[in-house]
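The same subunit A turns up in both complexes below, where it pairs with subunit B and then with subunit C.
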Partner chain A sequence: MKRRGFGTAQVILFLSIAILVVVVAVPVLLIFLNAFWVNGSFNVADVIRIIREPDTWQALVNSLIIASGTTIGSTIVGTFFAWLVTRTDLPFKRFMKGMFLVPFMLPSFIGALAWKMLLSPRAGFINRFFMQNLGFDGPIFNIYSYAGIMMVEVMYLFPFVFIQVCGALERMDPTLEESARISGAGLFTITRKITIPLVLPSILSGALLIMLYSMAHFGTVAVLGIENGIFNIPTLIYQRIHQSAGSFASIRTGTVLAAILVVAAALILWLQSKVLSRGHYQIIAGKSFRPMELKLRALRMPLLIFCLAYIGFTIVLPTVVIFLVGGLKTYGLPFTWENLSLDNYKFILFDYKVTKDAIWNSVTLGFSAAVITMFAGVMISYVIVKMKVRGKGILEFLGMLPFSVPGSVIALGVILAWSGKYGVNLYNTVWIILVAYIARYMAFSLRANSAALEQVHDSLVEAARVCGATMWQALKDIVLPLVRPGMVAAFFLIFLPSLRELTVSIMLYAPTTRTIGVAIYTLNEDGETVMSAALAGIALILIIVGETLINRFIKTERRGG
Partner chain B sequence: MYKTFRVAVFAVLLSFLVVLAAPLASFAASAKGGETLIIYTSMKESLIGGIVEGFVKKYPDIAVDYQSAGAGKLMAKIAAERESGKILADIIWTSEVPDFYSMKNEGILEQYKTPLFGELLNPFDDYDGHFTAARLGTLGIAINTDLIKTPPTQWSDLFKPEYKGAFGIADPALSGTSYMSVALLDKQFGWAFFEKLRDNKARIGKGSGQVVDDTASGELAASLAVDYITNDKIAKGAHLALYYPPEVLMAPSPVAIFKGSTHLEAAQKFVDYLLGKEAQTLIAGEGTLSVRADVEKPAAFMLPEAPDALKRAIKIDYLQMMAGKEALIKKFTDTLQGK
Partner chain C sequence: MDIVSIEGLDKGYGAHRVHRGLDLAIRRGECFTLLGPSGCGKTVLLRLIAGFEQPDAGRIDIGGAPVSDPAGNVNVPPDSRGIGMVFQDYAVWPHMTVFDNVAYPLKIARVGASELRARVLETVALVGMEGLERRLPSELSGGQQQRVALARALVARPSLMLLDEPLTNLDANLREEMRFEIKELQRKLDITVLYVTHDQEIALAISDRMAIMDGEGKIRQTGTPWEIFEQPVDPFVFSFMGIANFVPVRSEGGEYLVGEGNQPVPWEKPVVTAARYAAGFRPSDLEIARSGDGLQAVVVRANFLGAMMDYLIEVDGARMRTSVETHEAIAKDLMFREGDRCVARFRSLLWFDAETLKEAAQ
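Then we have the complex of A and B:
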């Protein structure tokens, strides 16, 4: 150790900082630089001018409207279902709970495509059914609207709240409610004074996550909004960059919008940490009592039917429509046996260069990004959680950064950083997408790996060392096996979402570097609706098989470990 | 302690590198390079695939690769490649005529006067060999045959009540052909044409393909439609029909060779092959118009004869059109959205 100027610890620290700086910090920094520096001088007036342009202003307002509506809707839906499956005697609760998590798997832009087919004003299957068979004069619902966008986003985002609230309700110490009841409080008082205050932080934290997600969400708005001129921040950034093939003015507008997104995201995350730290006091306490279950009595069956109908309506119906439309010869034909075949699926998998490339790109990109990010994540988390070196504070700050940077911001950032201005030109190659994926998913890896590392108490390693094991042995035999589930989780947490990634890749793709998400989106935009649906169907199969495999893996891992 | 720890760290780093290298190698293998003629085109996979196949059959010693994408994407790629020093493509073939004029002005196109020129229908009065039309795209009115019973014969038919709220034009900000159509219709009929469309609640769609699919599904009753997209769907059984008013909207697809192409001879051979009868027959088979009068138009397609269409086509000054692009798109959007 004394032979060199610095030890291994410093090397690791340096490497960790370097990775985060290059991959995440530089792109974000460049966005702020490009937004606020005009011709080498700081210029806020120009930023304000851009914000006040009617289109930009409208996009900001739209992002806010859509995010607020989605957040409120998802919070109500998520909390209600969470309460239903944890605190009542609803039949098949366990099954229902699993079903309510399924929307997590469905990419919302595929949901949006399905709902476009179901509820476009004149041709949507549901609207047409009402108009032709039930004598309605006009569509019952126009999906190309704010309400339509929010409805679709709520359908696929509410699990964020659901999962948080379920967790809180399950972990909550039931004795608190018990004692209130024994002291003579009614159900209403208990709910108001005990249950809600205890669960509120979880509800708020889930709601803020949805707000963050929805504000920076591209797919649904792109599929349903552009038609009626509804743009939000990410779709406006995309449209500007796409239209002008990367002119300076459009990139500047993009950077200003992106800067606003970053600030808003940081604000939301700060609020979330406030909310969570305030509510941390007392949720996890023993599980000595089963929570009091509300008897639904006569409402039991109607509520079960309601839940099943909800699942049928939001999960089964759209999926079925995607697969059916994917089987049609051409869009607009009725679903009869002679119009349906597997030809599109065959064509997409074996003959169509665009989709074959897309599937290959997504799988290799997802795999590479997952492997790289998994290892980098272990290393960085190890420094953050376990090592005691100077300069760790910088790393902690940098490690927080990926959590608060939305996808479209990362995409714009890597365009600025990697399109030749600083010596390396990756634009229009597959590499730029890889770099962006690593930046985008680093947060997932850090979260999974530090959670795993935190559970490995230092005393385990110390005990091994006392017994005469070398450092290497201790790492290999104790730390790594214990951290492995975290690493595997990180791998899948990155690999599966990247298979359906759209927001980042849509900004970065080149003719041969389409990903699955991009191919679905562009096929839809090109009017190849049936091909787009067929590819979406294949993507759904990939995702569902993948999720099932992980769940199985995680279960055996738990049982074995 | 640190010594052993350092070993561990190196092991971790090493495995990190190995895992990193595996996907890298696979990417490197898929990267294109070497002695290959590269074509950038916005033509559909089915069309360019067939043409390249025929070309390779005729010239087995020339390797060809192509990238098919929207013209905007391709121009962005070319711009990025120019910045880094070298355009990777040898040939470009899209339907965005203005792009070709600006590339010619920037001096990045190789002049090549094809010996076949005398046999071709030429839509460009100022032809000088920088680019040659290889296809005569047209736009007509596609109708959903379940919803509209009397075929349109004039552009002014679009103001009729049966098209109310159900006629769509692709967003000119997204689709180059749509932008060109708007410019052509403006030139021919003046802006009043679009004001009347607005009064009849015409809609702005997304891409030029999507308006056709929306027409097939009945979301729209009719749309301003590109010939081959519509004919392809008709062939698959969609309830669509395509009609041409007397004034034809024509969007020629020029082909050009990039200056500095290292496969100049092969590129010229490809251009000649593309303009020859064999490739043009393939083009006509896609449901669009060939640049050769001697190529049979398949009877199944509802298309005008190519020489006739060229005569009826609305003429426009492309350079002027280019200059006014952003303003025109904004005016169009504002008018149709009733601002």
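Then we have the complex of A and C:
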């Protein structure tokens, strides 16, 4: 590989490293530089001073409180439902399982908007109903609170634990439990001594994911917290950058908070990998078994009703409210046939420039980001998974970065990198949002593409080489067709979430470069509640249709492949 | 004439040396087997010949032209070496039909459509897969996939074909059938085959010549299957070719005595001299009887294996295995029980230096 080797392998490696450096590493590096480098020297004391400022400190504490509460709540809810749908004789289990995964698709900030309409202290429909019809003096629940924020986050995040625990419970070899039963252990003992220790790694890993997500989560806190002065790290970063129009002091506060977020995220991911590697017992095999089912007996109907009520209350109700409010002539009118129409939907789709632009921006941005990230991801994954070149270690390290960099950090880093300080000024253009999207979704693309590439055994490529194919021919004829499903999956994994993206866009948008998420958020902030709800409704339709299509595609690919 | 010639080949990964100064020559038109325990570096050698790995030093020639020679800065990529290869996991492309799989080498070589079609069909028929051209690999059995892999390696009529344990993943019956077919194809098409395996039975069955590689990647012996089986150069080769007894023998006053006792070995004396000797023989080469000439022995363990009786006997502290066909044992009163006394004689025996035995045991 001395003479010929330089050429293809090195060029691909260099390109891959360059993409990750420019898109992810430089922004993160600039955040740390700006946080710790004051007037040309390394300064930790000043970082500590910023952390101890009341606002900053409060935001850190809030992030921790909200993340902890959300994690505990989601873990309990997720584990309970997972156990219910895998290990009991609950009726309609398949349907239930599908429904419990629906919150995965729904953007949580749209959920937060719905809950604001339902439970805001004075105007919320539920609170008003109780006050007007049942004689309550005050609101029964104030959504603008820690409890409110945590409640909404739990509703949208518990599937992370649910799906992991379901998987572990389904894959667990039932003979392990049966042999305990033969040894004379009762169901309670089996659950405590056998089942729980075996699924604990999955529970913990899901919980850590939720912790990571919640700490860096912008939407729900932005919608429900700011009203009452509750800020967490991402919302404080946003507020500082937004209010001060890029002054030095505010950027520094932002970078310090962002740096903390990156370190916390890296720590959580490290912990998660520890938990997962320790939990890699032989026992949880890849096969599907038929697990022992607990007879619920008298509890069967009450638990069924409970599940249906949960689904109705957390999924159906908020969605219906969004669509209904979106149809109202004016916010505050009662839901009667005279007050409801499709006019708002028609208006925002065909006449209202702000929303028309937002939809166009989101679709084009999402599409471009998905295409670029899909191709970049397949190339980078190829180097990491398949190629044997010197210097690959750097790429493997860089490849981990996108996983531990939360959205608000990327947005801030991109501002630092592309605001003209280093020659290129993309600020206030769509391009800066595109760059940020690529950085934000690179992790998705890397995961989907490496998984697909792992399936392509080296000997398939080598077989093509001995048949006379050059490296490029082998890539084109063998590798590319075989990773195509992974690439398509990567495309949709990026395109669909980018349609509802808020965290990154909100920090980077200019008046003409609003995305759907930004438009929903700002319309709501400006009191245009019905327009905001109508746009949210359209976003929901786009997302649900998209998800249905991709699921169908994945299913047919699996059957065909 | 040699089609493959390897001289002074060095290959290592980090501190681990796989091959040191390895020499090997494969003659045109022969079926050559490289036999060795798993992890001995035989697959690495195959990959070096194919061009997937580069040697650290030394030189590989194929068809008289150098293909790997780090000193001369020669490194011909795998696609230009003109070889066919069959992989252990078949490596049949799952997204292509049988026809497309087999046609691929010809497509790359830009063979015209009608000739391509004719040659693909001919090769598919050659491996007994006619009528299955439209199938996808997922619709084929393991044996059929292996046939596709074979056809794909043969279709461009390479002068050299490399096979990397291609039968390991097949079940026993199919394995036996396929090994005859491979041999048959090799003869019919007059190609050179280099076959890598750890299964001595396959090696003996198909080879014109074979080489035995030890755990350190060193070639111990090269020769015909008969030479390897009957005239092994050392205990390693001997024990690798089947179950082997090694009995310690000490030399005292011109006599060669078994184990701790005073009974001389009833066989020709060794020609070489060593401090201590080991007598090597297979269970089938040790004959036992109720009485007569031979070593006085005790049956330590008797095992009925159906067609065979398997005995472990002890001669003055030295234990050895022997086997007798069950019906013969019944006819000749050789159904021993544990603790019975017997006498033992040799049908065949090889002398080794006891020093080389330790090495073989590793």
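Convention: the second predicted complex is superposed on the first by the 536 of 561 C-alpha atoms of A that agree within 3 Å, B and C clash if a C-alpha of one lies under 4 Å from a C-alpha of the other, contacts with A are read in each partner's own complex, and residues count from 1 in each chain.
What we mean here is this: a residue touches a chain if its C-beta (ideal position, glycine included) is under 8 Å from a C-beta of that chain, and two chains touch if they have at least 3 such contacts.
Predicted model, so just to flag it, every value in this text is computed and none were measured.
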{"item": "Touching partner for A:M379 - first (subunit B), second (subunit C), both, neither", "value": "first"}
{"item": "Contacts of A:T470 with subunit B and subunit C, given as first, second, both or neither", "value": "both"}
{"item": "Which of subunit B and subunit C A:M131 touches, first, second, both or neither", "value": "neither"}
{"item": "Subunit B versus subunit C as contact partner of A:L460, first or second or both or neither", "value": "second"}
{"item": "Which superposed partner A:E525 touches (first subunit B, second subunit C, both, neither)", "value": "first"}
{"item": "Per-residue touch tally on subunit A - higher for subunit B or for subunit C", "value": "B"}
{"item": "First (subunit B), second (subunit C), both or neither touched by A:V11", "value": "first"}
{"item": "First, second, both or neither for A:K329, with subunit B first and subunit C second", "value": "first"}
{"item": "Partner chain in contact with A:I140 - subunit B first, subunit C second, else both or neither", "value": "neither"}
{"item": "Partner chain in contact with A:G229 - subunit B first, subunit C second, else both or neither", "value": "first"}
{"item": "Contacts on subunit A seen with subunit B and repeated with subunit C across the two complexes", "value": "1, 470-471"}
{"item": "Contacting residues of subunit C [partner subunit A, same complex]", "value": "50-52, 54, 73, 75, 77-81, 83-85, 87-89, 91-95, 104-105, 108-109, 149, 152-153, 156, 162"}
{"item": "In the complex, subunit A residues that touch subunit B", "value": "1, 7-8, 11-12, 120-124, 128, 226-227, 229, 239, 242-243, 245-246, 329-333, 339, 352-354, 364, 367-368, 371-372, 375-376, 379, 419-420, 425, 427-428, 430-431, 470-472, 475-476, 509-512, 522, 524-529"}
{"item": "List of subunit B residues in touch with subunit A within their complex", "value": "1-9, 11-12, 15-16, 19-20, 23-24, 26-27, 32, 40, 45, 49, 67-70, 72-77, 79-81, 83-84, 144, 166, 171, 173-174, 204-214, 216-220, 229, 233, 236-240, 333, 337"}
{"item": "Residue ranges of subunit A in contact with subunit C within the complex", "value": "1-4, 457, 459-460, 462-471, 473, 477-478, 481-482, 561"}
